[in-house]
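There are two complexes below, and they share chain A, which is joined by chain B in the first and by chain C in the second.
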Partner chain A sequence: MTENLDRRRLLTSAVVGSAALAGATALGSLAPEAAFAAGEQAIEPGAPDPNFAEGRITGISAGMLFVTGSDTALWRIRITGGTSIWKLRPTTFEQVAVGDGLYARGLRLPDGTLAADSVWVNIVNVHAHIAAIGRNLLHLDHKGKRIVGHLVPGTSAARYNNTPAVSDMSMLRVGKHVQVIGAWVPDTNEVQIATVYANA
Partner chain B sequence: MAALTGTMSWFCCGNSWGPCGTAGHGACGTCNSGSFQHAWPNASAACFNITRPDACGVTMSRRGCGFRHYTTNRCNGKRVGTTIADCGPQTDLWCGERACCGSVCGTNRIVDLTPAAYSQIASLSSGLQPCSVDTV
Partner chain C sequence: MLSWIAPLQPLLLGLVLLWSARLKLLSRDAAAAAGRSALARLVGDARALPAFRLVGAVEAALGLLLLAPPALPAEALAAATLSVGFAGYLAYARVAAPDSSCGCLSATRTPVRWRSFARTGGLLAASLLALPATVGWTDVLATRPLSAVALLLGEAAVLVALSPELDRHWLEPLRQLQVRVTRPLAGGGFAVPLDSTVEQLHRSPVWRQTAALLTSDLREHWDDGEWRILVFTARHRGDEVSAVYAVPRLRYQPAAVRMVLLDEPTGQVVLTLHAPPDSPDPDWLHPSPAPATASAVGSAVALG
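Up next is the complex of A and B:
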């Protein structure tokens, strides 16, 4: 049995109240890079994944996120001590707010809730051109619309081709194409930038 | 067919929120972020003329909507099966770009997965990973 399968089973058990989740971290890292679901794919290629949710948060209560999917599906997403949460950076449940958008991966339980392994809050992956550069700002053209990207000192990083992520943004150029991983500021055209990929 | 190696990222499609809200259902008209689907740079002649993987020295077969590929994250060996639902990535914008984890590297963008598919084999926050793409 794999470590990840062990982890998922423990997570499920914890959600249904039959096990203490405190031991989850003993099975390995709970960082986003390690916490995504594992195991053989049971879903047909091309089909919707019942263990994945998308939408905007309409309510938060007792470790549960109530989410309305963009396709109007209603989700109840259970956050446990083993859930990794990303919102610009790895963060905690307290930072999640009503109105945020999200993607979540976990395990659908018999009661219809999704026991979340990972939740990515407001995450966007934007391919755009740099229209202008300001102080801690990138103005991006994205499919004919303007997005304002905020550089967050201590968090935002750039990767130039094959370099490691660095805080130095000086090689970014107006007119160049970039890929931006960031956190959308709800109901605006603004994002906070986590990583800029640029083919310098 | 030998597996094609390169890099993978993710993209949103279908009904969505934020900057993805205007994404639409992709070139095939079937794309949804919550489904196991992907974009392929040679999904049609018109698609190929935009993405031009050949400009980066990448040769890839033309495969249309619904074709099944299996993408492996070369950082962890995890694999996901998906079907073509859109045209992309625009490989020629990123010629020579590499993504590495340790000594394992991929060069040139060859596939974009939906969030559901990408998150099956990597964290969405990782953005870009070395991968291989196969048909079985």
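Up next is the complex of A and C:
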């Protein structure tokens, strides 16, 4: 924990420290060849993207996720220090559990594993109507099926009319259409809400 | 007691059937409602609308017969048969086309649920109640107006409560009122959500220059005084580095966003970047600060 705090202090001072304040001098280069050094892999039109995986997690071992895709493809997804993991919020590998669903993007390695750049765990995108509102609860009507949306204080945000997100949910109205980005609670009809888009 | 309840049922049934027929025969949304209903599955898309209209015509005819004076047991029997038919249709819709709409009382999209079955059951019960009627409903309304109106209102309320199509006219306003009274979502607080910071980052000049370097989504974030620090993974000249952005936390000033690319294992800074401060004048208005560098002079000479 203290190691992490030290690391954060180092990174913070690197980006907002006094040295950076001195002037707008750029150290290093942003030439296009730096940005696109990795090169693009050509993918046949219509062919599945080899660098993308989705499915349910069936096993976890050190740094590796075993995933069964919806088309029953088996994936081995390698998590590195550079992998971003989202599960309701940016989080760590320890928070990922067997049974979770995921989308992953990365680079297919010659040994068949996918070295993940980004993993989104249980992420869902739902267009629905608000059927009822309870304490930190949105009952959503999604094409006649009920979805229970849990608002997580401190994490859930609302965006009204495409203005920047706020924590204030009080402008949500029963009967109105909303779009919800959230984390599904596996094998239930419940989601934890990350962002709700609404018109006020 | 049945003697005054039974004759009232044809009035209720007739009104409900006429209301239902109104959608199927007169509404401009009839075609859409027919297409969404399980009828499209049952008789085919092309015949859904004629079938929908036919059901409407049968409903209208029976509704008018029920309302017209001579109260015959045959009418009640016909209404009961129609209710059983509706129940069969609902069961078919539930099984064969669970995503279809009921198409019962309104063009509003309403999947078949238990309430639709309960409503059909209610109509069937009313039809059976009407069987022993010997006098017309006008007579009962004339002799005991108060109890008759109360009964009809009660039955109508039950039918409305069992109609998902009508929820937006009474249930939604009730729930809106409840929310207005209890305010269940009031405690949102004034903390700036992460989403808001990320959006500010996306609108910054620094992001426009460096987004192409990033390979990962947001990896980590924390607050430090007036800044919120966002960490991504980036690829720079073939090396994996951390892209550390500092975004103003409590003010909206995308131009103030700054970033460093940093190799974490060694702690070496690869690149620092922050946008020039906002200036109302374009750069070329300012006098040239320093004498031209040697290379610039060289190229000028070559051009001259």
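Things worth noting here:
Convention: the second predicted complex is superposed on the first by the 155 of 200 C-alpha atoms of A that agree within 3 Å, B and C clash if a C-alpha of one lies under 4 Å from a C-alpha of the other, contacts with A are read in each partner's own complex, and residues count from 1 in each chain.
Everything below uses one rule, namely that contacts are C-beta pairs under 8 Å (C-beta built on N, C-alpha and C of every residue); 3 or more make two chains touch, one makes a residue touch a chain.
As the structure is a computational prediction, the values presented were derived from the model and not from experiment.
When the two complexes are overlaid on their common chain A, residue A:Trp86 makes contact with chain B and with chain C alike. In the superposition on chain A, A:Leu137 contacts chain C only, with no contact to chain B.
When the two structures are aligned on the shared chain, A:Trp75 is found in touch with neither chain B nor chain C.
Contact with chain C, but none with chain B, is seen for A:Val166 once the two complexes are overlaid on the shared chain. Once the two complexes are overlaid on the shared chain, A:Ser118 sits against chain B and chain C alike.
By the touch criterion stated above, A:Val174 is placed in contact with chain C alone, chain B being left untouched. Contacts of A:Ala53 after superposition: chain B is touched, whereas chain C is not reached.
Legend: residue contacts after superposition of the two complexes on their common chain; A:Trp184 is shown touching chain B, with no touch to chain C. In the three-chain superposition model, chain A touches both chain B and chain C at residues 35-38, 86, 118, 120, 143, 159, 194-195.
In the complex of the two chains, the chain C residues touching chain A come out as 99, 109-111, 113, 168, 172, 175-176, 179, 183-196, 199-200, 209-210, 212-213, 215-222, 224, 227, 229, 231-233, 235-238, 240, 242, 244-246, 252, 258-262, 264, 267, 269-277. Residues of chain A touching chain B in their complex: 32-33, 35-38, 41, 43-49, 52-56, 69-71, 86, 101, 103, 105, 118, 120, 122-127, 142-143, 145, 147, 159, 161-162, 177, 179, 181, 184, 186, 189, 191, 194-195, 197, 199.
Against chain A, the residues of chain B that register as touching in their complex are 9-12, 14-22, 30, 32-37, 66, 68-69, 78-83, 85, 89-90, 93-100, 105, 115-117, 119-128. The residues of chain A lying in touch with chain C in their complex are 7-8, 10-12, 14-16, 20, 24-30, 34-38, 81-86, 89-90, 117-118, 120, 131-137, 143-144, 151, 153-159, 164-170, 172-175, 194-195.
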